[in-house]
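First subunit A sits with subunit B, and in the next complex the same chain sits with subunit C.
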Partner chain A sequence: MAAKTIISRPIYGTLSPQPGKHHLFIADAEGALAITDMAGKAPSGFFDGAEIVFIPSPESKHIAALEALKPMQLHVAPSFASLLPRLKQTLTNAHMGLRVYLAGTEGLIGQAMQVALEAGIDHTSIETEHRGSLARRMQCVHCKGITENVTTQPATCSHCGLLLLVRDHYSRRLAAFQGVCINAEDRSEIPPIEEAFP
Partner chain B sequence: MSTGTTKLDVVVSDVVPVNDLVTRFHFRRRDGELLPTFSGGAHVVVEMRDGDRTRLNPYSLMGSPLDTREYTISVRRDDVGRGGSLFMHRQVKPGLEMVISYPVNLFSLDLRARKHLMLAGGIGITPFMAQTAQLAGAGGNFELHYTCRTASLGTYADLLRERYGNRVRLYHDDREERIDLERLLSSQPLGTHLYVCGPAGMINWVRGRAAALGWPPETVHFEHFAAPQPGAPFDVTLAVSGKTIHVGEQQSLLEAIEAAGVDPPYLCRGGVCGQCETNVISYDGKFIHNDHWLSEEDHRSGCKIMPCVSRFEGKSLVLER
Partner chain C sequence: MGITFRKETFRDDFTFKNSPEHIRRFPFPFNEDAYMYAVNIEPHVVGPKGSVLENLIDVDEHYVAEMQDRALVLAEDPLRCQSLPHMTLAGWDLLELLMEQQALGYPEHFTLERDGDRWHWINRPLGIDDTFTFGDTSTLPYGPMEYITRQSQGDFCILDQRDGNLWMDAGMVTTQADWSLDFDIGMNFFEWHAPVPLAHEKGIFVRALKFLTNIQQGKPARRLNWTMTINPRLDTSPENYHKWGPDRATVTPENVGDKVHLRVELQSFWRLPRSNGIVFPIRCYLIKMDELVTQPKWARRLHRVIRDLPEELATYKGLTRYRPTLVEWLSKLDDGSATSPGFGPD
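Then we have the complex of A and B:
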């Protein structure tokens, strides 16, 4: 569970069933367990109006557990990029009353929220729960390139190669933490690199 | 003392009867300058000097926010109310010098919304007059559903239809026309915000249905100025100022506190804004809470009261004021 450091650093809660008839869940890997845990608190018939979009881990765990919830639809996708067109279509056709639930890694929650925000949903209306890896999506503030799955502090920009301090400063618009050059004065100075976001 | 606001010296520039119940009042600054900018949904508190009694009633500004040469309000006559609307209808004539507060907005548009869905009941139409003018000027996407008792009491209904055509839908009680609320709320695109202004029963109905249909609370906006209800007189001890006051039958607790020379903060005087929230030090009796500000827990706790609209019945009440 991420601690609140600065105001832009997202904090996540525990999924809880919201009133309404239509529910859209987007989860990756261990995020499936947040949904199955929540199911115990949901009123009967809740999943009759639910669509679950799930990106499993390489071991394909938890798919059967989600099937067992008998959602109206379960869509298993290989990656976030591959489900994006479908997600955008779903949100374009949706009406007020659709509730959105995001569970899993920070990268997944952030990117799915970015799409939901673009569709007009307020971030405070979205249920989130962090499960699994703490790996971060990082934007290099210098070249603007995004590096996925950053686990170290500092981290190397996969675009321009600068060594970056991964800040808690987060952009909802970009769905990324900001990375700032850590040795701008003297590039030969290399601070110890630690596993900070396992 | 109205928090964060100063007063405006105005003159009544016009008084226009609109229908059997509603009269419109126009105000201009006495010094001829422009009035302060406001946004759709804002209200002003009008000071009414009625003999030795001063009434302070909130009214929504209904003119276009794009025109600050004058402010306009529409007042529905309430023959059994506490007299503020009757004073406006009977005593206020063109040329009268009055004092009003700066505008305050507790019912503003959320301009991030993709669409604004507005539900008005009766005189609750007034804030939407300003909001629709504001949105129309900026190419905003809105839809207004307006329920009135009869066509002749449909204040500004014709004007709104003329201005905005099919974006305005009218429902007349005497023709048994009812909003299909379930369908309306279920067919709105994502990113719609809902605004309700009208009688308390209508607001509660709409809020309840919207919540049940999955509208997040931050997308549902409402405004209902509760007029202070008359009630049995009661005595109150003000612990901080060391005074004991008597609240008359037709007086609100806030008015009685002010009459004793104590100057608590206020903004809306209608149980909405939270400014006059007052801590209860001790009590022996029963609260009559009429506000929309405190939570139900606060109401049950007996620790807080909104003196603008709420009353008390019992042996003793001591306030931290």
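Then we have the complex of A and C:
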């Protein structure tokens, strides 16, 4: 569970079953366990109206556990990028009252939240639970490129190559933390690079 | 007779300077010999003749050069001007406000004629003479916010008010003190202020938000904020930090007076009539140390403020690297005698 630091940094909760007939779950890797944990608290028949979209880890764990919940639909996708067209379509066609649940890494929660916001769903109505890696999605404030799965502090921008301080300042619109050049005033200063977001 | 607009630059050869009259009218932000955050908001009413408050929207000798610098920034990075789709009406509100205020305060430079929705705007310093239909974006070369803020000094943030909060949903930001509109757009009041140290714990933002959401039409408010900038550079954006950051390592005892600038923001807050948004102009004033210390009271007081500034604030404002050099230089101008009350020079 990531610690709260500054106000723009997202705070995640624990998934809980919401009233309603239609439920959309989006999860990656260990996020599957947030769904199976929640299932114990769900009323019977809850998953009859649920779609689960799941991006497994490379070891393909937890797929069977999700199948066992007998959701109306289980869709397994290889990556978030591959999932995006389908997700946009699902949200565009969604009826009023659809409940959205996001579980897994911050990158997954942030990007799925971004798509949901664009579809007009209020962020405070979305259930979230952080599970698994603390890796961050980072936008370089200088070149605007996004670097995925940042685990170190500082981190190198995968686009322009500047060494960036990964701030806690977070944009829901960009689904990213802000990266700012850490040695802009004197490029010869190279601070030690530490594993900060394992 | 009007204002004589200076030909000057805010980059490369940095020829920006203040005339002696502009030094005296500089909005010095310290009314005592120490500084700490406060909700220092007051009604934005007209002040003394010859001050920056003589008009509620101030136009000064740097106007033309600042607008040229803004055009250069926008050409390099169009993301400095953004407006979310629901903010167009607020953009028209802002256009009306700035045209009215500039024409009112400086009739020799700006003229606004209205015939129903047909508006005729003349901006003599920039050589603009346009007729357009108020409310019809297709009759302007840019969206209404971008059009008028390319002709108005200072940065502008337009805040949408909903859910008891203010949302940074549009802005023209090219002279900012190290924050990114592109990153912060769409955030609420607490979120975009999240990186500011100490002030959250003091409840500053809760009280400020309460004040701002209650601002009424025709009753604007204002506050001063400050930082320091090396060289008279308007564009101290985070986007370009890797380009201007090295300036901070160039301060020496010999060049402090010329390189180190006090940067003061006159922030004002106005309710917009049609959109119910708030516009938040952030007007930036720069003055180099050599100019500032021509007023002995300001020299003494600035020395004490910078010397005693809490470390977190010095770090946040980016002063760490050159603060000792600056304090040493200013200390020679501080004989320890008392300073008179108030902001103004003696």
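In the analysis below, the second predicted complex is superposed on the first by the 198 of 198 C-alpha atoms of A that agree within 3 Å, B and C clash if a C-alpha of one lies under 4 Å from a C-alpha of the other, contacts with A are read in each partner's own complex, and residues count from 1 in each chain.
Please note the rule applied: a contact is a pair of C-beta atoms (placed from the backbone, for glycine too) under 8 Å apart; a residue touches a chain by one contact, two chains touch by 3 or more.
Everything numeric here is computed off the predicted structure, so don't read it as measured data.
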item: Which superposed partner A:59 touches (first subunit B, second subunit C, both, neither); value: neither
item: Superposed model, subunit A: greater residue contact from subunit B or subunit C; value: C
item: Touched partner set for A:9, first subunit B, second subunit C, both or neither; value: second
item: Which of subunit B and subunit C A:195 touches, first, second, both or neither; value: neither
item: Touching partner for A:144 - first (subunit B), second (subunit C), both, neither; value: second
item: Interfacial residue positions of subunit A with respect to subunit C in the complex; value: 6-9, 139, 141-142, 144, 162, 167-169, 171-174, 178, 180-181, 184-187
item: Contacting residues of subunit C [partner subunit A, same complex]; value: 79, 180, 182-187, 190-195, 200, 238-242, 245-246, 248-249, 321
item: Touch list for subunit B against partner subunit A, complex; value: 112-114, 185-192, 194, 211-216, 218-219
item: Partner subunit B, residues of subunit A touching it in the complex; value: 18-22, 91, 94-99, 119-122, 124-125
